[in-house]
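Here chain A shows up in two complexes: once beside chain B, once beside chain C.
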Partner chain A sequence: MRFLKYWRYPAEWPILRVDDRLLLIIAGAIVGTSSGLAAVALNRSLVWMLDSLLAYRHFWWSFLLPAGGAALSALFLEKIVKEGAGHGVPEVIYSVSRRGGLLRFRSSYSRLISSALTIGSGGSAGPEAPVVMSGAAIGSSIARLFSLNERQRITLVGCGAAGAISSIFNAPIAGLVFTVEVVLGEWTALNIVPIAIASVAGTQISRILQGNQIAFAHHLFRVDLLDSAATVGLAAFTAAASILLTWALRRSHGVSTQLPAPLWLRAAIGGTVVGLIGYFFPVVIGEGYHWIQEMIEGAFVSGFGLALLLVFAKITATAFTLGWGGSGGIFGPCLVIGSLVGLTYHRLLEILWPSAGWIDGGCFALLGMAGLISGMLQAPLTGIFLISEITGGYGVILPLIIVSALSTTICQFLEPASFYLKELVERGQLLRPGTDGRVLADLSVSELIEKDCIAVQPNMLLGDLITIVQKSHRNYFPVEDAATGVFVGMVMLDDIRPYLFNPGMYHAVLLGQIMKTGIETVHPDDDLPEILERMDANHLYSMPVVANERFLGMISKATLLDRYRKELKVQTTLQ
Partner chain B sequence: MQGPFTADVRPLFPNAAAATVLGRDAAKAAMKLSIDKVAEYLNLPPSTVERWVRQGRIPIQKTGESCSFDRTTLEKWAQQRGLFFGAPEEPSTCLPQSCHETLLAAMKRGGIVHHLRADSAAGALKAGVAHLPLLSTESRDILFERLLEREQLTSTGIGKGVAIPHPRSPLSGVDLPAMIATCFLESPLDFDAIDDRPVFVLFIILCPSLQQHLHLLSRLAFCLRNPEFEALLQSRPSAERLLAKVREIEKTLEGGGF
Partner chain C sequence: MDIRLFHVFRNTPLGRETLLQSIHFCKTVGTSLLIYIPKHTKFLMYFENDVVQVNLDSSYLAAPQSARRHAQELAEAGGIVPSFLDPKHFTTSTLPDVPIHFDFMCCPRSTSVLQSKSGLGNAGPRLRRIVKAARFAVLMTSEAYREWQRIAVFFGGSANAVKALRLGLRMSQKTGCPLEIFTQVERGDEKAYRSIVAKAGLERAVAEQVRQWRFFKEGRFEENLYEVPHDALLIVGAFGHGVVRDFVFGSMMEKIQSIMPNNFLIAGPNYTAAS
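On to the complex of A and B.
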């Protein structure tokens, strides 16, 4: 029995208790491997589903396939695993930001199944976000198994995300950078090592099972100065497409949620629209990776008009898939739209200056992907590293950096929060480490409350208060009803200072007469940012904390500053 | 002198080793701190420290379900973050001995002099200082200078013929308990008092700390407000009668118990 108990609690194995960093590295490798496996599993099932449905694609009713897949996926999420729809990455960021990286274990497989149904049947979405969600949930569950603290758990959640992205794209640096830039928002000596190990583990798993292939191989591009200069214009195009895609996704979500229909029916309607578009433009179907390959190789034949139409078709299809209840991520569609935008831009250049000798359209498709990812995620590093890794294209790194940086800047100017973060920012739930919001969210009223106030009663004389003032350390005296103990008001020394030295009033004035009533109070569950706002608005330096009409203590700016500094020091000092 | 314990242990080497190990464990246990203790040392509520443990912001030693804190690790941790870590100071602002110091004891120590002859305020101070016990000659000179300095600032004649000469700050290098010398003058002197009445009694106050000075001064002022005490002073009472009255008044002040 003792032996069994020993295996039940891996947290107590002596080898894992040698050093916390070592433990995190080992756990990170396990998490990276597991999420790499999850990515491979999803990839294989997608390929299998697309292959087996290929036979039915030429029937007239094939436009209903995405509808069926989306409806099944919505039913599965809603009824069986009881999770909300959503692409996954915002959920992971929310968990890191507000819940110390806590995620449900079932999240580690639910999104895999639902997104396989959606994308495999032809829905326009990417498999990356579901895999990130599942990797993050695996990381969170393993952290729980090892009974790790919140900071370590967040690192393991990051490991899961890094392993997933690394594995699905065979791109370890992209996984690492994506995690740090988008998911965690923190780059420290403590979390970078386990995340790097997880990226390596995830990539290694994918190479063992899938072979070491560059996702979108291509011939060498020779970029000259003119092409580099032209990428400035491309950045404007990709930024516009990012904004359009963001708007379309949010808008279609808004419209669909207003329909008085169950989720699965909405998903089916969205799927039907996608199927109809896909009937005419097969490029919008599924995650669309092989179309990207064609575009980069320059084998994708289309003029300017058709390419532009395809951009809008893909954006619409993605909005109808994800906005109407399908399950999947925006990573894949971003890559497809980005390469279509790049292609469109190339065709436009050729029309405008046919004799300039432009580089191959494939190069612009590649740059367009970087521009769209950077613009959509507002994460330039992720765009740069992901595209240079998945295309093996270090040769185009200079225009790649230009387009990523510019696209991010333009998008940030037009839309301050990225697609992933917008909702969280609007709800005030995005709390990046080391920020004011983070520190204030961690502190609570119960930690700041000062309880050494002496309570007085309304029927006491001013003379009685004088003796209490001599004993007290504070300038505030809560007034409580003698019989019920209910908080009725406050006596503040500042208000009564003029009468304090007038002995003639000591026996003439009751505290009930000089106390202040109807003053602003705070509840122990109130949020600190809100309390501070009220203090600023009313020019107060301290407020009484009152719950159930009982006085509990005072909360003051002076104490808050003291705790705030301590908290900030503890949160921002490494090691 | 060989105790039974040393006699038993000395020849047995393994036992001695075991004893050292035990000693080391005991030392280790002494370095362990509870969560409440850590909170107290950091001057924070325990709920904050609990949250830090949960979030992994503070180093802990885990043993199964429970956790403990190591003192040296925490000291280093706090130092790196610029946090104060150590036993909190005594909450009382005045030292215990100064709070329990009574006016009676200080007056007894300082002594009571009658018929002090002097023809000026400075002369009266000089003569009063000469009567203070336990002081060295240099300290007496310094004290006299300080008293004069204080008088030049504003007279310490507080009215009704009473003056309370004292130095502005405790004398450095004088390690004596608080004392108050009571000097009844032979003939009342002009002391430039606030009510312009001649002064007939001096209370020279000498205290080792400001805290104690304020404490004794407030008690003396309380006595001087008492009409009976005032009348008694006018009669230039003997030491016994004066001290008896002080004891009586102080008793009412402390509610009968010391």
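On to the complex of A and C.
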């Protein structure tokens, strides 16, 4: 039994306790490998599903296939694993932001299955966000197994996300950059090494099992100054498409939740709309990566009008897939929409200035992808590195940087929070490390209560209080009902000052006569930012903490500042 | 600090029985009552090193317009002024996070197991994980309201059993209810168990407060449970181990729950008494 106990608690293995950094590197490699495997599993499932359903695509009723997949996906999430729909990345960011990286184990497989059903049947979504969720949950579970602390657990969540993105795109730098830029929101020496290791592990797994393939290989583009200048306009186009896609996804979700129907039925309705659009424009079906390849190679034949129509069709299909209860991520649709936007822009340039000698439309499709990813995620580095890696070179790096940076800037100006963060920001739950909100969120009222206050009763004489004041170093005295112990008010030193030098009043004034009633109190469950706002609004330096009508202690700005500094040091100092 | 019992209210006759049980507990022990009226069929509890999703059946969402009034009326009739929990944080829009900073949590048997299985004594993996991770004690109520007049601690000699004994002693002190200890002798003799208590520094408290310490030297544990008073609040220390181990070796908690109709209080491995 002792032997079994030893294996049950890997956290206690001496070899792993030699050095915390070593432990994180080893755990990071395990997490990266596992999340890489999860990504490969999803990729294979998608290929299998798409191949299996291909034979049915020519039937008239094939438009119902996405409806069936989305309904099954919703049923699986809601009834079997009891999780909500959606892509899950905000959940991962919330967990990192507020819950020390704690994620449910079931999330490590639930989104893989649900998104395989949605995307494999033809829903317009990508597999990347589900694998991020899966990898992050694997990281969180492994951190629990090793009994790691909060910061280490967050790092392993990051490792999971990095391993998954690296594996699914065969892009280790993009995985690393996405994790620190979008998921964690911080670069520190503590987390960068394990995340890099996880990215490498995830990529290696993908290369071993699927071969070292570049997702969208292309011929060399020679970008001249005129083309580079034109990318400024492309950035505006991609930013507009990003804003439109974000709006469509949120609006679509809002409309669907108003519908008095179960989730599976809503997902089926959304899927039917996608199926109908896909009947006329097959580009909207599934993740659509082979269409991207065609666009980059210049084999995608469409004029300006059709390309523009396809942009709207894909945005609508994505909104009906993800907003109505289907499962999947926005990376895939962003790449397709981005390349379509790039192509549309190229066609427009050719119409306006036909003799300018523009570069191939494929180059604009490639740049459009970077612009849309950067705009949607408001993460320019992710856009730049992802597109560089999945297209196999840094030949177009200069215009890539211009499009990504400008698209992000325009989107930030119009919509301050990215698609992933918008909901969290609106709920006030995006707390990045080292920020005021995060420091305050990690402190609680119960940690700050000063309990050395001496309680008095309303029927006590002023003289009795004077005796207490001599012993106490406090300026505040809570008044409690003698019979019930209920908190009824406060006596402050300022209140007794007028009587202090008049001993004749010592036996004439009762504390009930001079105490302040109806004063502002706080509850132990109140949030510190809210308490501080109330203190500022009422010009208070301390407030009584009261629960169930009982006085528990005082909370003061001085104690809060002291603990705040300590917490800030913990969060910003390397461990 | 304010000692609180957390109760998830269900606006049904069965839910009323459970709330009455919680009210009785609060009145007897002197704790305040924190009621949560769910608006979704699931919620999350984030512990230090684990996150547990509690799934409720749809009856917990029954008649939401009268739920708060019913809960308030029941509590006030029992002489308790309840407070109501309105979750501030959500992991997803339909998945609220319930705080864990309370001292007791009332966990109706139907919360932890399927309704159809509630009579079979399967505590369920959810409850097991709550017990394993929580710093509070879990109160499992009987199906119908029954007041308890005394306290019975099951003491098997483990570290968690010592925690349960400490909790029992504290509860007895607070409520004035007589305390009894029940031990199924499995290793050594009575002396072995008494020496564990002495090592834990509880010898004097046990001598002063415990009315009776019964050792079952013969017979199966399940059969000996007949000797436990029907009007006692049972206190058990639970290890909170996994399904496999329980399947192979059995679980004391499961046995007691399946056989005894009493209310019982479970102290897990992370339980830290505040009361």
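Details
Please note the rule applied: the second predicted complex is superposed on the first by the 574 of 575 C-alpha atoms of A that agree within 3 Å, B and C clash if a C-alpha of one lies under 4 Å from a C-alpha of the other, contacts with A are read in each partner's own complex, and residues count from 1 in each chain.
The definition used in the following text is that a contact is a pair of C-beta atoms (placed from the backbone, for glycine too) under 8 Å apart; a residue touches a chain by one contact, two chains touch by 3 or more.
Just so you know, these numbers come straight off a predicted model, no measurement behind them.
Partners chain B and chain C fit side by side in the overlay (superposition on chain A). In the superposed model, more residues of chain A are touched by C than by the other of chain B and chain C. With both structures placed on the common chain, the touch criterion links A:152 to chain B but leaves chain C unconnected. When the two complexes are overlaid on their common chain A, residue A:426 makes contact with neither chain B nor chain C. Once chain A of one complex is fitted onto chain A of the other, the partner contacts of A:569 are limited to chain B, with no touch recorded for chain C. Using the contact criterion defined above for the overlaid structures, shared-chain residue A:91 touches chain C, although it does not reach chain B.
Judged by the touch definition given at the top, the superposed model places A:447 against chain B, while chain C stays out of reach. When the shared chain is aligned, no partner comes close enough to touch A:536: not chain B, not chain C.
Legend: residue contacts after superposition of the two complexes on their common chain; A:495 is shown touching neither chain B nor chain C.
Look at A:99: by the touch rule set out above, it reaches chain C but stays clear of chain B.
Fitting both structures onto chain A leaves chain B and chain C with a minimum C-alpha separation of 7 Å.
Residues common to the contacts of chain A with chain B and with chain C across the two structures: 100, 444, 446.
Partner chain B is touched in their complex by these residues of chain A: 11-12, 17, 100, 148-152, 442-444, 446-447, 563, 566, 569-571, 573, 575.
Per the touch definition, chain B reaches chain A in the complex via residues 42, 44-45, 47-48, 51-58, 62, 64, 80-83.
Residue ranges of chain C in contact with chain A, taken from their complex: 1-2, 4, 32, 42, 44, 46, 49-51, 53, 55, 81, 83, 88-95, 97, 99, 101. Touching chain C in their complex are the following residues of chain A: 82, 84, 86, 90-91, 94-95, 98-100, 102-104, 106, 144, 147, 423, 427, 429, 444, 446, 524-525, 527, 547-550, 552.
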